[in-house]
Amino acid sequence: MTDAVFHETAAAPRTQAVPLAHLSLELGHLYMEDFEAGPGRLRRHFAEVRPWAEAARAAATARAAATARTGAQRARISTCFLVDDYFTRFSSPAEVVPMLLAEADRAGLTVDYLARESGCAVFGEVPVAEAVAGRIVESPPPSSHGIRPPAAQTGWLANGERSPAVRAPQAMKRAQVWRPPKETAARRHSVFLDTELFSDGPDGRTWSCPFLAAVWQLARLGLLRHQGEAVLSPRPHGDGGFPDDWDDLPPLLRLNPDADPFTAYRTCSVLPNRFLPVEHAVRVILDQTEVDPGALGQVAVRARGERAELPDSVADRVSYVFYAGP
Amino acid sequence: MLVFAASDKGGTGRSVTSANLAYQRALTGDHVAYVDFDFGSPTAAAVFDVPGALRGTEEPGLHSYLEGEAPEPARIDVWRQTEHPQLRTRPNQSGRLVLFPGDAGGGEFATGADALERCVDLLLRIDNEFDVTLVDLSAGRSYAVDMVLAATAHPRMRYVPCRWLVFHRWTRQHVIAASGLVHTDHGILRGGVERGHDEETLRASIRFVRAAVPDPESPLWAQGSPAQAAWMQACDEALRRLAAEHRIGDSVVLGIVPLEPILQWREQLITEEDVLSTQIANKETLEALEEIARRLTDDAHWGQP
Amino acid sequence: MRPPETGPPTALLCGEIRTCLLPARQALDIRSAAQFLALRADERVLLSERPTLYARSPDTLTGVDCPLPAADGARVRAVGTVAAHAVLTEGRVLQTSARFRAPASGPDQRRPWGQYLIRPGTVEPLGKLPREPVARGVLDGGRQGDLDVGLIADALLTRLLRHPLLDQRPPMRSRPTRLRWAALPAPSGAGPSLERFTLAEDELRTVRLRVPEDTPADEIAGLCADLALHDWLLTTVVRTFDGIRLGTGADRDGSSVLRALGPAVDHLLHLWMPRARVTPALARLWDPLEERPGFTRQWDALVHRIRDQLALQAIGPARREVEPAP
């Protein structure tokens, strides 16, 4: 009814667009144990990351050049780093951030954007994690005609069918025998994964590390919206130093004023291989998350416009390099 | 309004009588639902002569629904699906009469929190649609009784009027058992309070129905000897005293159903035809059923005695 | 705006709508309606105040992998998502609507789940879709285990009916109705048409349509919701006369007439507004129904009858004097 004279704004949905780089390159996560291990740990980490980061840049540049209309197109690449302030609070931004930046610089790496993990749970007033949890659409195992309880009821998400729960049968009926779990997309044998999305305690809900990591990926892919508005938008960092309290640090900070956009068509994360199980779970979550269709459409239109190659499936836009190390 | 039909023992005529009450209410124009929560023996279909659902239903019934395997329980439109010759022609101005049967071969089962929520969903939906809903509960302190006690104490059901009928036969054992079902430690009242009911309100919503009561004045016994008659009279007196001592005396009785061969031998609905033309049922029985059906919603018969 | 729909053209669109009275003593105002229908934390409830108060929830998706119902008994497995949403009209009538579109054919194997999620509300057959038998199968109802969109609409209804905003005190007794619909492509160049509107069992209605291929699924669902709403209003108001025996003298003080008709006047009579939210191209499909049986004609007659009854009650005593003794 676009030809009508009468309009009501509340009745017309709209989606805010975000700028897009070709690649969002993640240079690492920092947890309390990494910090406690001292600057040597970070130094070794960045030294490991350096060659892989260069390889990822080269791959992205080659991809952009291959599809560019005329001549060599520069690949827009931004880097980011995630600090955990959600599961454990340690030290202060004033102490951690300068050290982090110094170690990255020593390895010849630039951190364009710095994010706090708690920003993936709640960003300002926006309950980001809760919203993403509400967008999970469980992959139906064969013969699902739509009456399975949604994942939100149980707080777990699997990549297939769980073993049936042992329940007291009706009187005089035989109890069911045990059946193995089954991965829905299994090739002959299952690699079944069941991941906890959150746990509820007296202080409220705690989102799991894999779940927040999935939110982090969606943020970097530019696919998060809150009522049509972009969320996890970066704030510029002024000339001043860093605050003493994590809460006073913007959840997503642009450290490099000349950086390419934070959000990108694809992501690559360079991580030590202890993150492998977490990132497997991230893939299981992303594969079952219906992202905002408006945002998805905008990214697709932009990608077509500059002939950037974009996988349909969101989980396939994410890539990793796992290096051997703690 | 929801009416729960309970009994401590089997063989009280609970199912057949409550089915007859449902039928009587429908005749007066109410839309009536009959919900078969007699999980161990889902046979209400037999009373309504609905052959497709004679031993429960092949479609997912209440068992499947409450266990979460079916999103909606099957419904049977009695007027349309019955084989009872006189029910086939739905009387003019009668209301709907719908049976919610159990599963074929369903048994008693332990109910959890999910089943409770689904039970509340179901009772609310049925109550929104029907004027009177009769819920037939498994005998004794069953899972069914437990579940509806918890369901009716649920905040979502706070405005739904509920009444309880406890059926018992007119014998010493049955009187004591019926009182026990309501008044002992694990009875409906205690159990209800534990689940959040207000004791006085719950007590005020419970009435008793004496079933299969031989009437000493009835012509049925006119052939007996004077000694027999005197003995019956004395027994009846003694039972009344016993009932009163057990707090189920006349003041909390909603009605008395006389001993009726066709209810005893062939559980079925009693129609006017059975009384007037074929005369296989007694007029008194039909009148008793009509009266109890009427009293279900007559506030004068409910509340604190 | 929704993103441009990608993928193969639609060969069949189907859905089911459940319509019921909101079980609450007072109708919900527009703000409560927004709260009630907030199915997703990150998506707005669409609100509109002209010409009726109208609130529409965001879509929720349910994954399915099961056979499609087919009238000829063919077993066509299909995988994808069914989209469902809820609508509240004048804070009083609640509708849940589930729908899907299906392309003429799909790959022979199930694809990774993430690829289905980028086309919400699409169910893909494995192999070819027998369009006509499936359309008939949907309208007639399938076998146990076949895709049944009605179940999905009902599950959403159940979820909403548990909302704490509802006091579960409906002003009158009423029955929910179900309206199943199937839309097949119109011959090229032809406009949309309503092939059949059937009153099936007590609560079931079926609608068969032809629509041009590019007609958006939510517009068709919107038309069907409009039909379902008005059919429910007619059904419900007709039934308010059920329990009252007019002119018998049994109702000496007229209280049963007031009890039965009063709530209809308070809560339903102002809701009649066919085509209010139907796109102009589809609004024409109302015409044959207005011609025969004449929905609005029957409604007007009912409204007059109710007003006459209430007017008679108002002058009750005088009337009773001229009534012959029973």
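We just call them A, B and C in the order they show up, numbering each chain from 1.
We adopt the following convention: contacts are C-beta pairs under 8 Å (C-beta built on N, C-alpha and C of every residue); 3 or more make two chains touch, one makes a residue touch a chain.
Labels paired with UniProt names: B = ParA family protein.
Nothing here was measured: the structure is a model prediction, and the numbers come from that model.
Trainee: Count the touching C-beta pairs: is B-C or A-C ahead?
Mentor: A-C is joined by more C-beta pairs in contact.
Trainee: In terms of CA centres, which chain lies closest to the overall middle?
Mentor: Going by the distance between chain centres and the overall C-alpha centre, it is C.
Trainee: Measuring centre to centre with C-alpha atoms, which chain is farthest from chain A?
Mentor: So the farthest one, by centre of C-alpha atoms, is B.
Trainee: In whole angstrom, how far does the Cα centroid of chain A sit from the Cα centroid of chain B?
Mentor: Here chain A and chain B have centroids separated by 58 Å.
Trainee: Centroid from C-alpha atoms only, then distance chain B to chain C, rounded to Å. What do you get?
Mentor: Distance between chain centres: 36 Å.
Trainee: Averaging over Cα atoms per chain, report the distance between chain A and chain C in Å.
Mentor: Taking the mean C-alpha position of each chain, the two centres sit 38 Å apart.
Trainee: Which residues of chain A are in contact with two or more other chains?
Mentor: 147
Trainee: Pull out every residue in chain B that's touching 2 or more other chains.
Mentor: 71
Trainee: Out of chain C, which residues touch more than one other chain, so two or more?
Mentor: Those would be 151, 155.
Trainee: Using the touch definition up top, name the residues of chain C that touch chain A in the complex.
Mentor: 1-4, 6, 39-44, 46-50, 54, 61-66, 77, 79, 81-82, 110, 112-115, 117-118, 120, 145-149, 151-152, 155, 279-280
Trainee: Going by the contact rule set out above, which residues of chain A touch chain C in the complex?
Mentor: Those in contact with chain C are residues 1, 3, 6, 8, 10-15, 126-127, 130-132, 134-135, 137-147, 184-185, 224-228, 286-294, 296-298, 300-301, 312-316.
Trainee: Hey, which residues of chain B end up touching chain C in the complex?
Mentor: 29-31, 60, 71-72, 77, 93, 95, 117, 121, 124-125, 128-131, 156-160
Trainee: Residues of chain C touching chain B in their complex?
Mentor: Against chain B, the touching part of chain C is residues 20-21, 23, 144, 151, 154-155, 158, 161-162, 167-170, 173-176, 202, 242-243, 245.
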